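One chain, subunit A, appears in both complexes that follow, with subunit B as partner in the first and subunit C in the second.
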Partner chain A sequence: MAAAEEASRPFAGLSDVSISDDIPVEGDISVPVGASRRDDELSTLDEPVKETILRDLRAVGNKFVHVLYPKRSSALLRDWDLWGPLLLCVTLALLLQGGAADSDDQGGPQFAEVFVIIWFGSIIITLNSKLLGGTISFFQSLCVLGYCIMPLTVAMAVCRIVLLSVSGTVSFAVRLAVVTASFGWSTFASTAFLADSQPPNRKALVVYPVFLFYFVIGWMVLTFSPSQ
Partner chain B sequence: MSAGSGSRNTNTEPWGSFDDNLIQGSSAVIDMENMDDTSGSSFEDMGEMHQRMKEEEEVTAEAAATEDDAADDGEFLGMKGLKGQLGRQVADEVWQAGKRQASRAFNLYANIDILRPYFDVEPVQVRSRLMESMIPVRMITFPQKIAGELYGPLMLVFTLVAILLHGMKTSGTVIREGTLMGTAIGTCFGYWLGVSSFIYFLAYLVNAQITMLQMLSLLGYGLFGHCVVLLVTYNIHFHFLFYVLWLLIGGLSTLRMVAALLSRTVGQTPRLLLCGTLSLLHMTFLLYLHFNYHKIVEGLLDSLEGPNMVPMQRVARDVPELTLNATLRNQEVLQVH
Partner chain C sequence: MAATNDPFQFQEFDEAGNLLEANRDATTISMEDDDTEPQKQRSAAGFPPDADNEDPLDTDDTTELLSGQKKSAPFWTFEYYQKFFDIETHHVKERIFGSVLPWPGRNFIHVYLRRNPDLYGPFWICTTFVFAVAISGNISSFLVHSGKPGYKYTPEFQKVTIAATAIFSYAWFVPLGLWSLLLWRNNKVMSLVTYSFIEIVCVYGYSLSIYIPAVVLSIIPFDWVRWCSIVVALCLSGSVLMMTFWPAVREDHPKMIIAIMAGIVMLNALLAIGCKIYFFGKPIQAPAIDSPPANESIKAASST
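Up next is the complex of A and B:
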């Protein structure tokens, strides 16, 4: 009996809630968006492939804009995707690859190396933020970190153009300025998105690996020199 | 069975009455039911016993057996049932605990929960621990407090990886059959985990009061000195500066660890063994990290100054050439003769 009472205790609070008799406690649970959603799915089946791809690209582009103007919106967090990060990562790795096209010179970053640094770095940062008590989901964090590489990818493109046109100290100074600015931008943007999900007293601990991650990538971009 | 009853009759041990009470208190049928449950236990003779019990149960369940028989059976079943129950309970608990552990290990989020206590730090704590890793404490009569925490060490190891990568890149290190990244990560994590385990093993041998977690934390924070020294000396190439920093910062962080270990070890020889090994490994590692990726910079700088010289690279020694030389010399010797 005592055990039974013990078991029923969790619901003791509920027993106080009285439901008046004239309200029927039964019925169908209807989801209002169900009907329209079905229509949507039907329409995606029928629509041309071009539209589907364009819509996805628009979503990715929309998130790029969010990174460029890192205002505290949850769009990047709410519907995450990994297409953008993949695109950015591959672009960056391909741009950095040119330096090591010569098989004898292994000092330059290789495609696989860049790829591994970006993905494993993001995973480690995500795990770290989860360990520190962050409330963000795994893929949301990966998405944010991946999208925030964009300033560095842009910096890489600029660096290649600069390397084509001018050389010497001027080139290095320009590249240093560009890479520093984009590194700061990346760190700032990712912090703006990730900071809300962290306990307020531990933001510094979460930001440090992010800083290190973008610093390594930025440093790789800065030290890149195409093979002659 | 007869042995059991005999022992019962002649039993004068204090636990005899306990057995009797147990048997008296419980009926034979209930014990048999308990026996049924023990069929899965690890006792070797249990299957055979169980078989016999089943047969006897059919006879005794009709309550046709005499009082004496019932008492005999009851006692036997009581003894075995008790053991079986105990074995079953232990096995069940072990199984349950193992199952819980396994399901935890396989579940990523639960896994994170296991590790979470080790990452429970505040930025202020990390800062003060980083500072303290450079300040040796001279109190060795009382065990020093070592924080069991993994955030700081892990971040320091990753920082060391980044610094090492920088050193490798600027020195133009060529690594065959591997990437710079993999080598840097392997070196740093290998040192951290390997030396921690080794020192922990030594500490276990000499009975020092330290846990693996504390060892990881201690050595991890000890890497802060390495990070500082390497960051400075990879960018400013003065041998004198490196040796000063090596002795000063590396020495301080080593002293800190040695003091902590000293305070937790008893006896002269164990202390010497443990602290000697740790300081030797720690200081040599810094030397290795510096010169392995630094000397090449100077070689590269020299070669850049002379336009026609080929850049010096780290390659395997040309062993065939050496042997060729040796054979040539031998031939020369032969020709001379």
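Up next is the complex of A and C:
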């Protein structure tokens, strides 16, 4: 019967918005009037600034935990932010300052050089993976690469403590072990997040630049030697 | 492969709601399927004898031209650059092995690159070479100087900048010059073989790959080991370039052939020997080479 009705009025669907009786309609489609007060409580406009900041910090901390324990979840990918990468990058660059012979030009990397290597490096790696046909978005990839610097930043802090206390071959051996472990950790964590977005026969092409990137950062951390 | 990938793609599409991504990937997969077939056939067939060289070449040229017209995108779009990254892991491996082990009569462009020159290999080989030469130069200077009184280890980070400038300008400006030279000569003397700019960049990039193991070997603190590894790398890399560009200049005047070939080899040797002397110089020479920039900076500082 309904078919015959439709055939007689071919454009009925455009004008008639009423639903015929034989289609069961379920669900709550009324405008939620009573819920408006609850919305006000949750609004980010009215809450104290402390809560806003704490929520963002909690999101950043949550991502740090994801890097430390890299299980293949998409939480780090979905809500990307660049606060954590900025924090890690600035910390690493500051810790790398005050190195050997800052005055002459034989010294270690300057603050700007570290900054440029980290940001341009991750941008180039991201472009590379996009050009190879990756399905991950630009800022997601930047976020993952930035957060995965964390083991190397921790290694840098450990290296400075080691350099304060012991010196000589023992110091170098400890630093080498710490930097190697954190380099492996960074590469492993970032590939756990990034490699899934690639076609299987191109994974190695995407992983190699990531490996090189963390290797260079690891090298900068390892060769840091303080001025006397 | 495309069939197994498709459900995954649509999942991603559902999750991220990213229409562009899904579309782009779909086109890449189809292009990939087009390109891998002839590539495999060609490498399976090996190098054709010299007499038969001209005919398959010409057909290849026309097919390349047609395919280029079919999927041409303007150069400011992302898709234009995506076609230079349309390669897979095994292609890159084959190309690196082909550039490290040159075989007499095997033309790198014809055997490995035809129809699909990539920029992935050249870019990452250059980057790896930059860091390899800077880091091994630093380690070798540490090994030479360590134990001497008054020696203080420094990371010498400015070597990375110098290596990057030298290597990237070699890998981009030399192909640019060579490409314009070949274009000019091709107008004067009709040659059967022409190479595009990207192909020349690709050959130059891959020809640098042999230098990476060579500079890593140069860490060994004996001067003869360093010279041996650099000269072996120079010969291999030079022979790849010579054999690749030989068909393009073969029809030319003998004087021009000698000039072009000598130019290619000289620039390659300049890079190799420059790397050896600057990064792995003798301990007495090292301050002498390092001093001119220092003087310049002092001059600049005093003049300002």
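Definition applied: the second predicted complex is superposed on the first by the 180 of 228 C-alpha atoms of A that agree within 3 Å, B and C clash if a C-alpha of one lies under 4 Å from a C-alpha of the other, contacts with A are read in each partner's own complex, and residues count from 1 in each chain.
By our rule, contacts are C-beta pairs under 8 Å (C-beta built on N, C-alpha and C of every residue); 3 or more make two chains touch, one makes a residue touch a chain.
Since we're looking at a predicted model, the values are computed, not measured.
Peer 1: Is this a clash or a fit when subunit B and subunit C both end up on subunit A?
Peer 2: Result for subunit B and subunit C: clash.
Peer 1: Is it subunit B or subunit C that touches the larger share of residues in subunit A?
Peer 2: C
Peer 1: Identify the partner contact of A:Val116: answer first if only subunit B is touched, second if only subunit C is, both if each is, neither if none is.
Peer 2: After superposition on chain A, A:Val116 lies in contact with subunit B alone.
Peer 1: Give one of first, second, both or neither to describe whether A:Asp81 is in contact with subunit B, with subunit C, with both, or with none.
Peer 2: Once the two structures are laid over each other on A, A:Asp81 reaches no partner at all.
Peer 1: Thinking of the overlay built on chain A, is A:Thr223 touched by subunit B (first), by subunit C (second), by both, or by neither?
Peer 2: After superposing on A, A:Thr223 lies in contact with both subunit B and subunit C.
Peer 1: Would you sort A:Thr135 into first (subunit B), second (subunit C), both or neither based on which partner it touches?
Peer 2: So A:Thr135 only meets subunit C here.
Peer 1: Report for A:Leu212: first if it touches subunit B alone, second if subunit C alone, otherwise both or neither.
Peer 2: both
Peer 1: By the touch definition at the top of the document, which applies to A:Ala204: first (subunit B), second (subunit C), both, or neither?
Peer 2: both
Peer 1: Could you point to the stretch of subunit C, among 19-27, 37-45, 55-63 or 199-207, that collides with subunit B in the superposition?
Peer 2: Only 199-207 shows clashing C-alpha atoms.
Peer 1: After overlaying the two complexes on chain A, where does the subunit B footprint on subunit A coincide with the subunit C footprint?
Peer 2: 106-107, 110, 113, 128, 130-133, 201-202, 204-205, 208-209, 212, 215-216, 219, 223
Peer 1: Along subunit A, where are the residues that touch subunit C in the complex?
Peer 2: Interface residues on the subunit A side: 74, 99-101, 105-110, 113, 128, 130-133, 135, 137, 197, 199-205, 208-209, 212, 215-216, 219-220, 223-225.
Peer 1: Using the touch definition from the top, list the residues of subunit A that touch subunit B in their complex.
Peer 2: Against subunit B, the touching part of subunit A is residues 106-107, 110, 112-113, 116-117, 124, 127-128, 130-133, 201-202, 204-205, 208-209, 212, 215-216, 219, 223.
Peer 1: Considering the complex alone, what residue numbers of subunit B touch subunit A?
Peer 2: Touching subunit A from subunit B are residues 112, 115-116, 118-119, 121-123, 126, 151, 154-155, 158-159, 162, 165-166, 169-170, 172-175, 179-181.
Peer 1: Looking at the complex, which residues from subunit C come into contact with subunit A?
Peer 2: Within the complex, subunit C touches subunit A at residues 1, 5, 9, 12, 15-16, 18, 21-22, 24-25, 28-29, 78, 81-82, 84-85, 87-90, 92, 120, 123-124, 127-128, 131, 135, 138, 152-158, 293-294, 297.
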